[in-house]
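Which chain is which? They are A, B, C and D, in the order written, and residues in each are numbered from 1.
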Amino acid sequence: MIRFECDYAEGAHERILKRMIETNMEQTPGYGLDPHCERARELIKKECGKDVNVHFIVGGTQTNMIVLASLLKPYQGALCANTGHIEAHETGAIEATGHKVMTLPSDDGKIRAEQIEKAVEWHYAQGNREHITQPGAVYISHPTENGTTYTKDELAEISATCRKYNLPLFLDGARLGYGMAAPDSTITMKDLAEYCDVFYIGGTKVGALFGEAVVFCNGGGDFEFRYHIKQRGAMLAKGRLLGIQFETLFEDGLYYEISKGAIDKAMQIRDAFAAKGIKFLYDSPTNQQFPILPNDMLAKLNEKYASSYWEDVGPDHTAVRFCTSWATTQENVDELVKDIAAL
Amino acid sequence: MIRFECDYAEGAHERILKRMIETNMEQTPGYGLDPHCERARELIKKECGKDVNVHFIVGGTQTNMIVLASLLKPYQGALCANTGHIEAHETGAIEATGHKVMTLPSDDGKIRAEQIEKAVEWHYAQGNREHITQPGAVYISHPTENGTTYTKDELAEISATCRKYNLPLFLDGARLGYGMAAPDSTITMKDLAEYCDVFYIGGTKVGALFGEAVVFCNGGGDFEFRYHIKQRGAMLAKGRLLGIQFETLFEDGLYYEISKGAIDKAMQIRDAFAAKGIKFLYDSPTNQQFPILPNDMLAKLNEKYASSYWEDVGPDHTAVRFCTSWATTQENVDELVKDIAAL
Amino acid sequence: MIRFECDYAEGAHERILKRMIETNMEQTPGYGLDPHCERARELIKKECGKDVNVHFIVGGTQTNMIVLASLLKPYQGALCANTGHIEAHETGAIEATGHKVMTLPSDDGKIRAEQIEKAVEWHYAQGNREHITQPGAVYISHPTENGTTYTKDELAEISATCRKYNLPLFLDGARLGYGMAAPDSTITMKDLAEYCDVFYIGGTKVGALFGEAVVFCNGGGDFEFRYHIKQRGAMLAKGRLLGIQFETLFEDGLYYEISKGAIDKAMQIRDAFAAKGIKFLYDSPTNQQFPILPNDMLAKLNEKYASSYWEDVGPDHTAVRFCTSWATTQENVDELVKDIAAL
Amino acid sequence: MIRFECDYAEGAHERILKRMIETNMEQTPGYGLDPHCERARELIKKECGKDVNVHFIVGGTQTNMIVLASLLKPYQGALCANTGHIEAHETGAIEATGHKVMTLPSDDGKIRAEQIEKAVEWHYAQGNREHITQPGAVYISHPTENGTTYTKDELAEISATCRKYNLPLFLDGARLGYGMAAPDSTITMKDLAEYCDVFYIGGTKVGALFGEAVVFCNGGGDFEFRYHIKQRGAMLAKGRLLGIQFETLFEDGLYYEISKGAIDKAMQIRDAFAAKGIKFLYDSPTNQQFPILPNDMLAKLNEKYASSYWEDVGPDHTAVRFCTSWATTQENVDELVKDIAAL
């Protein structure tokens, strides 16, 4: 079985493993206060082109719940697409910190500045607004759970709307590398640092064993944020493991390089399906592709290739997800492309 | 600087790293459903001699909060020593899940069966007991945060008391290997599986990069526990990293072997201090030693060796902690012992 | 200004006040353990025709959050209409206890048994269901926030579906009296006690100063529920005030009698609007009526009568709410009816 | 049986009931936005001599949990005496909002400024303070649960210490009237408004059916606080009931007058016990008296008078509580005094 069903099926990029071995017997302070974390922070600051505050956390759901719990007052919720990860795939982790996820309808995983504006205006227009959860932050993903990406203009508009209403903008970048490497994408790390209040750079799905680098762009995320991390059980004792990985990813562009590789391979797969007249559930320029396959064609493909089920489309078709990642080999892609052509 | 201040200053045992490299490009399902986790579970079941349920979680605070939140009803709290990790060093992680930590006084980190009995009897004797947090579980550590250990009889008594009152007994084994390797300790993994309702086998401080193996001994911890793990942001995407580490630690006794090594070295350090007439804050048979040093002697030692501050003892003495671990070298211990003798 | 905008604009029925004065200097135990609460419990048991457990709580939001927090496991949420009070008008009170409100679409405030079945089946069919909030209870309102009511058959089907999936059914009866008095409604208190696991009998809007009687129908709600009440700050010191009110409401049918009076008056108002060709936003047989009025007509009415804004309907019409209650006078209704006719 | 066991055994002062009857059929907006609440706010502002923000809440535990949840960041706890109501008698209500109660030892229910200073200094001196709950507010009671009172100097010192460390000072005044009426007490409402950040004026135990008036003294407690109230289920629909009661209590000094009456009677009881050589568990100048009685003497008294059990004192004595209140009659006190003298 050749696996394309997710982007976290393998371990880590070999250079990360190598660095972990080299540093293994170094003695360092724990909890993210070591020289590797320090250096990784400096490298990320440089990418951002400004004096951001950076913290490292093991996983994405953990990061979402800690950041939102730190941003929101008890009676506030986070605006988010109804397809958003915090709404749909985190077992109520946000609610477990006491906050409502306030959904906005979305067909493609994205929300628009107007939706945010309308939701906030609606809230403050209510006669008894204190009976209703107050919007307290905006959560978006780039790329989204559906593989789609924001344009720079869309992001700028969302950011402007958030600032107009004094709502922190939090961007989930679990697959950020793949979003930035997407064809036509022009959003840079410096843009994110300008437009967001907090965002994170996903490591788990982009070459690391695990780890997300949370970046506070406008003065948040000082030392006190460490209390939040610890309180939610997320302060890794051997924090240097996070520092080492992000050092390796950002000291000479490895993060961008492996993201680019994954996107190139995803586009080959996309083109192969498209050449057969296959339609897609979402128009994704990133490492997740969602072809809508006739069930017999899917069954045949699945004899050799693992994909993940997404949803039924009519009685005879199924949308599935094929993912590439930093670990996808060109050999496996070639074989898949060839087999698609032969269907 | 030679570091003895904690037991998580280095990476992982070389055999663990080796295994991570060997398995790095294997493609496995995520979230702990892979063959490595499966095999590690089987190995731990074998150690326990019964059909336990095993889950793997990244860190100790995380484990404590998830397990207790799963055991307690909303209005219940956990009985624990006032020195317990959940009370003193977790930034209110248990309270953040809605539960009170109900402390019992302790001089040495341990609590006694009688204290539990008394606390429970007191509660149910109150006329308005529903105005008071109800004891809902018992949390103990073995070894404790002070390096002390329970005897098998003490553990059996605590267990019997818990069962008498239908209170789940949860044992924090963040340093379990060191507790089991302590001179005179007779508590085995099978004993733990018999006496506890839940306990965990600490990996982070005993040879792993990270990871705690949670063992449910009496029918708890079924599939539903995975919802708890996910909700608290603790489900590692590449869960096999946890499986691989515990496989390595338990396939041929590595866990016990490296624990034993750390204890041998700790005893050498203890003996060296004792030979100089130094007293100890706690009588610890484990890898943490708490000598009470004259301040000038401490200052001299600290020029070359890092220890961690514990507390002032009178105007001229300070109690500090010297830790050994699986990573401590005999060379460093020899040098420390020689320097202590020469003080 | 004559007020029809809500059903809690006045104090309490005169017989309730009279009883409070008569009993004022009685010395009773606090916290709901007095003879008045005891008698009120017995009266309600009699209405239910079975051995239910009854607790008294001051308000509706409070009741909703306490009951649901007591029914749900940490990772579970409550299924409810997207118009439900717990979703739309409680400032995230349910989420503040750690639980997601899981909405089902509704046009009229009601949900159907099939929707529940589908939601539950969907959940358990997911490959990674532990990443998703688990449905743990069903919340419905009778009458709904839109004034609509369930038929006995609909309630029976919902109940059967809940039992099939082992989901407690919780019915919010903040306006229960008005629902039971609705024309064609055949649901009795005994039916509720048979079909629900928990429901409550609203006092605040039906003659009392405040107070909701929570009824556990299938063995829940024992003494331990008092811990939940206290923990959420909801245990009234002078609990007998609740007992006295429910005693008065149920000792000789006052609750039903005043509910009937409010419905009669609501129907007069409904008929007056209908006679003018006015349409309604919802087809409500209860004390809340939602006429869709031309804006100029509304402006004229509002010079003399207070109603509450509901929503815009097209550019020139507005849906508003006119409420009757136990306190509405026939004189005021007559005047309103006459003025409507003259529009 | 003549009852002295608590101060909430009766209903409300007759003038309050009278006012409730007079206003019963007034139609007012709900949720505390009515003219009675408005007038009560103005009256309380006048008592405070400054522009405070006032909110009305039904009960004390409810008030404690809402105020503290509004003051604290997620990782902060409240410093309080180990005898404090939030620690000992609220079933973990504070923890249920996510916060630790951080206890300071107390023999008499009071804490001292030095204890607060020491606790805060200790916290910030810890090397790894982010692993420890951060002190975020100070909770004191006046009078305390033990009947003791703060002197004006003590309160001033606590206030100064809180301001030095930027900790909000929150004073629980569930029995405030009785504390202010205590012999030698010089603390006025204006002092409270100067020294506290938030305090509340207890109504439940001082003449009202229920109700606590929360006073924010330094700019907190604006409209947004209403979201907190609603979220915790504490926004009374017929909020005017709270306004009416506090209007009556403060429009011409009724609150002070009835408090004074209760204290006079408590002193008579105290003197009667003292004249028999009886010692007291606490030196209380307020409405709660804690005589330590020989068990045979207590048994005899309890044939006729209800008191509440406090604790055993040696094998043959028991400390009990005798309470007076606004409702205590001089006849009953005379009879008790006579019977004590005759023991």
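In this text, a residue touches a chain if its C-beta (ideal position, glycine included) is under 8 Å from a C-beta of that chain, and two chains touch if they have at least 3 such contacts.
Values in this document were obtained by computation on a predicted structure and should not be read as measured data.
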Winner on C-beta contact pairs when A-B is weighed against A-D: A-B
Longest centre-to-centre distance from chain D, chain (CA-based): A
Chain centre separation (chain B, chain D; CA means) in Å: 42
Chain centre separation (chain A, chain B; CA means) in Å: 34
Where chain A and chain D are represented by their mean Cα positions, the distance between them in whole Å: 50
Interface hub residues of chain A, defined as touching at least two other chains: 74-75, 90-92, 96-98, 128, 130-131, 134, 227, 230-231, 235
Footprint of chain B on chain A - complex, ascending: 1, 3, 6, 8-12, 14, 17, 20-21, 23-30, 58-66, 90-93, 96-97, 204-205, 209-210, 227, 230-238, 241, 327
Of chain B, residues touching chain C in the complex: 31, 69-70, 73-75, 97-98, 128, 130-131, 134, 223-224, 226-231, 235
Touching residues on chain A, where the partner in the complex is chain C: 74-75, 77, 88-92, 95-96, 98-101, 127-128, 130-134, 308-309
